[in-house]
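What follows is a pair of complexes built around subunit A, which joins subunit B in one and subunit C in the other.
Coming up: the complex of A and B.
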């Protein structure tokens, strides 16, 4: 496909074309709601705007378009693929939010506007080549998601989740901006490539150490890495389920993209440019990754609420993806991007089923899922697929992406094993632990007998979204080359940014 | 000219006071105010470095931070108000619906 169709329309703003469409949508949604007062119209327009933006992005991505704007944005294979990921998340949420009973009583125009705004922030982060853009993009997403979490206004759990989220989020913003200011002082620039060049000749200074610690802590809150994870289960449990999907699959991926952008470019991008602190940072990230996946999986075992269990499993999954930050190789980044895509479909799908069942009047406790296989055979089977994919059972997508990710930690080049074999060992051990609590849900659905026996009816939009996720989980597992090719191109593009 | 260390030490003290407040205070409104202190510490850093390096980008960053902080407080106060309507208190000790 040819990217000139888009570049003819948007001219020098082509690098921002997908975001421009989303921003127009975000501004139009409240007006549309006030004039029509119909949720169906706003929901349709919301999905339409996301699909148009998605189409523009796919044309640019397949056309191999590379463009910059004002030295702040760069659209390349990496940004294009990450934007695609965020648009898929937004599409899944937009599809189901009109039919979810948890969103009905809200001010729907505001919900649609905030959803588009939050997605735009993520997309800006994906294209950023400057710290200012990363900071503002992250804040656009965070502030929009504070409101999204608080939208169930009369629910005490939602109110409490929102208070916790806004305080922890504000704290992480303050830590981040302090770190960014120190980094600006050390390197004298806010451009990522220039920072990498500047650091390649610098020596250790206390300001640099403070910058690294506060930035890892601040952005660690955003991806819920242990020990900065305590807000995540509360917020995912209290928020309306469509918003939980958005946070667990979208917002967390944005934090990981920030990690890739800032730290990978700073420490390893370009063979000639390597910072003095690379080895120390690799060990720091390896320890964070190992602790994150272990704590996430071990605490998930004792959970009785399924949303909370999925939240802890999300923490563990972020730990797996943090392996990329320890290994810091192009192959590992390929695996990380692949796992981010499969995680969207399997975790998103599992949350979608929880949301669909809440609409049908079934609670959030694992015990409420007893005998589900008799009452809703398709939903139970889809849940089984998603959970087994999360645990990493072949031939599902979760297995393939974990295989690529963990093999990056084992493979050290030229047939030698790398120094990160122990990290891969911990990750594989963790996958075995995770199978225990996923299997508990499967046992409740298929083996234990429930009290009710009537068939469950769920909204059609939820079914459509779940079918998309099931198809993606199976297709990506059997034909991983669909995403592996673009992912390795994206990894190469990020590493050649300097 | 005042040496840059003075600015950095001032900002570091401000940041530490803010962080101490966030950790110890039990009133959520005071916690939000302490977060503002931490943000302003970073602003002072940026302006000091900007003047010291003769580079305008630091001041651009400060304008961004101020607008982001304003948006964050607006949303934060609205959320606290909503929680106050339900729980009739702004103490952090009241946030006990969900734990572990």
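Coming up: the complex of A and C.
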């Protein structure tokens, strides 16, 4: 497809075209709700805006468009693909939130507006080439999502989750901005590429060390890396399920994109020779990755609430993706991007089923899922697919993407034996552990007997979203080339950003 | 003309799975059973046609296989994943016997599962999927494809063991038992599968591809780090141990008997557990890289063979006896493959072609025993199914004297028992004797040869035990005084059950004769010493000379005498009741009897390791995460967050503690990064 269709319309703003549409949508939503007072209209418009933005992005992406704006934004294969990821998340959430009973009936315009705003923030991050833009994007997303979590107003759990989220989030913001200013002090610039060049000739300094630590802590909060993970289960559990989906699959990916952008560019892509701190940072990330996946998986075993279990499993999945930061190769990044996509569908799908069942009056405890296979055969089967995909059972998408990701850790680089084999080994062991708690849910659904036997009816919108996820989990597993090709282009684009 | 369509062989049962799964209950009373039988019959016919075409084609002579594959996907680093099919003698053998036996067992299921009502749909759909897995495994052209089918079989095994976990005909206790047996089988084999997957990763790393033609190419093997191949072989063998229930992962198989007897016959005797044997046979080109790997295969096989046979000696459950005997016979197969491979590996090192030819016989013996065992063990299980069907019990003490009431079953089961015991001219005789001979032969070579003397002695003792426990079972069931359930016996089972028994008993008796008609030439493994390339088939066939060899070898007579002695002892103990078995085991109080009854404490071992250790660690970490970490930072948290009292005691977690953990984490990270810089010289 030809990107000129878009560039003719947006001119010099083409690099920001998908975001501009989202921003217009965000501004229109409250007005639309105020004039029509109909949730259906707002919901339709919400989906429409996301789809238009998605279409624009796909045209740009397929057209191979590369463009910059004001030296702060750059649209390329990497940002295009990441924007696509965020749009898919937003689409899935927008599709179901109108029919979910958990989403507030009041202020629905505000809800839609915040959802678009938060997505825009993520897209900012995906296109940013400057630390300040990244910071603004992350804050846009964070502040919007604080409100999204709090919008289930009558539920004390939601209020509590939101307050926790705000407090810990505020702390992480403080840490981040502290780190950013330190880094600015060391390098004298906020442009990512220039920082990379500046660092490749610098030596160790205390300010640099503090900057690294505080930035890892601040953004580690976003991806819920251990030990900055403790807010995540509380918030996912307390928030309305569509918002949990948004946080677990979208917001977390934004944190990972920040990691990719800042640290990969800073330490690998920018430096023609390895930066002075590359090896040390690789080991640091490897340790964080190993601990994150292990804690996530092990603690998930003892959870009885399915949303908390999925939250811990999310933490573990983020740990897997952090392998990219340890290996720091283009191949690993390809695997990481692939896994981010499959994670959207399998984790998103699992949360969608939880959300759909809440609408049907089923609780969040694993014991509430007993006998589900009889009551809702399709939902139970879809859940089984998602959980098995998360555990990495072939031929589902989770297996294929984990396969690429872990093999990146074993392969390392140009035919040499990688020093990250141990990390891959830990990751494989973790996959084995994870099967235990996923199987528990499957057992509850298929083997144990439930008290109720009546059939379950769930809203059509949820079914549609779940069908999309099921299709994606199977198709991406069997034909990984669909996403692997663009992902390897995206990885190449990120590595050539400087 | 047929061989190009080999991919249809697993696809047809897959199609049946989908059709039966969705529309089974609309297909009449059998729940789609006829469709499943028809599907697997077509697969069977196609397998025969493909095999015929392959053996008469030029591809059989050179390169010894016919393969077609396409690239599924590639990923950076030059790795390529292919799928396709790969036909050679081994694959032909596997798909023929697997589809044939599956067909017979499906027919038998019509009668055996006749009272299951609507749940027959599920049964036939799942067994059709299982057959897909088995046939797909047989014709896979790459390890990754093999692994996928391997996992499909694992899934079906899990589902079918737990078939009665919803409503067991004998009540809720049995249903719970089925559920936990299914779980155990799944988790234990999964342990092996993780190892197998690790092996595949290592191979992918070493070869850049998992296609058989690439991995088994001598030039490629030579260019890869020798140690890497050994690691891969060991990891792959870990998967084999899980799937084929070898020591120490053997305990899931006896529990798996909680499933329907047809499932035990099909999956846990005739086909799925053979996947491990098949994989070792398939991987000969890489397993023969080191004689030590083959030695390990033989030792694991020998140990399992012996221990499993001991556990069958005093078990009272007819299906459990057969399950232990399956383990024991699988052990024989691995002993044969291990001994043969050991000789081949040494033959390659020393350049001794005669030794390689001798080793090839071990390969042949292992594979022949695999097929023979499939026939006689499927037969034995189906016979036991027939008995269970008409008496409603699995406990042999409640049977006895059933012979006159169930003539067909008792005679076919006698044929099966004679075959497995290795009575002369029955199928089991040929393969078992060849295996015992191989073990003795291998003892002459290499520094570790003496181990094979031990294994040979164990094999002979096991042959004695096999004959004893099989005839103990037969006499306890069909002869001797009538048991409490004998009066309730419905008599002989329906035709749909007895006809498969009769067909199988023909094969259980006669399949051994293939050895005299060139089987060893077709299924031989040869090595071109100049290039190191392995190829299957086209070897020298000894034919009738085997008869001369068997009966001029004094050891053969030792085995025969032992077997006959065992049968006579069993007759006096359980039929004539002249000898009281209680004398030998102090009426069940001797330590040996208790050890056997508690299965050499394997279940306890599993519990200790998995439950106590695994779950304990999980609980421990959770405890640390919740209590100790939170507690330790409490003091710090007061200092850090101070007066922030909002929601200080929350329902799900304490926000002050969270903040403190974050700050504590930063401190830890800082220490870590300083240490890293310090030790790596960046500071």
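We adopt the following convention: the second predicted complex is superposed on the first by the 489 of 498 C-alpha atoms of A that agree within 3 Å, B and C clash if a C-alpha of one lies under 4 Å from a C-alpha of the other, contacts with A are read in each partner's own complex, and residues count from 1 in each chain.
The rule is short, and it goes like this: a residue touches a chain if its C-beta (ideal position, glycine included) is under 8 Å from a C-beta of that chain, and two chains touch if they have at least 3 such contacts.
The model shown is predicted, which means the values in this text are computed figures rather than measured ones.
Applying the stated contact rule after C-alpha superposition, one finds that A:150 touches subunit B and leaves subunit C untouched. In the superposition on chain A, contact of A:136 is made with subunit B only, not with subunit C. Of the two partner chains placed around the shared chain by superposition, subunit B is the only one that A:173 touches, whereas subunit C remains out of contact. In the superposition on chain A, A:160 contacts both subunit B and subunit C. Look at A:489: by the touch rule set out above, it reaches neither subunit B nor subunit C. Put simply, more of the residues of subunit A are touched by C, taking subunit B and subunit C as the two choices. With both structures placed on the common chain, the touch criterion links A:299 to subunit B and to subunit C.
In the superposition on chain A, contact is made by A:334 with subunit C only, not with subunit B.
When the two structures are aligned on the shared chain, A:279 is found in touch with subunit C, with no touch to subunit B. Contacts of A:184 after superposition: subunit B is touched, whereas subunit C is not reached. Residue overlap on subunit A between the subunit B contacts of one complex and the subunit C contacts of the other covers 157, 160, 163-164, 167, 171, 175, 233-234, 237-238, 299, 302.
On the subunit C side of its complex with subunit A, the touching residues are 73-77, 79, 147-148, 151, 162, 165-166, 179, 183, 186, 190-191, 194, 197-198, 201, 204-205, 615, 617-619, 621-622, 625, 644, 646-647, 650-653, 655, 657-659, 661-662, 664-666, 668-670, 672-674, 676-677, 680, 682-683. Subunit A contributes residues 157, 160, 163-164, 167-168, 171-172, 175, 204, 209-210, 212-214, 216-217, 221, 226-228, 230-231, 233-234, 237-238, 276-277, 279-280, 283-284, 287-288, 295, 298-299, 301-302, 330-331, 334, 393-395, 404, 406-408, 410-411, 424-425, 428-429, 431-432, 435, 439, 443, 447, 449, 479-481, 484, 488 to its touches with subunit C in the complex.
Listed in rising order, the residues of subunit A touching subunit B in the complex are 131-132, 135-136, 139, 143, 146-147, 150, 153-154, 156-157, 159-164, 166-167, 169-171, 173-175, 177-178, 180-182, 184-185, 188-190, 207, 233-234, 237-238, 299, 302, 308. If you check the complex, the residues on subunit B that touch subunit A are 8, 11, 15, 18, 22, 28, 31-32, 35, 38-39, 41-43, 45-46, 48-49, 52-53, 55, 57-58, 60-61, 64-65, 68, 71-72, 75-76, 78-80, 82-83, 86-87, 95, 97-100.
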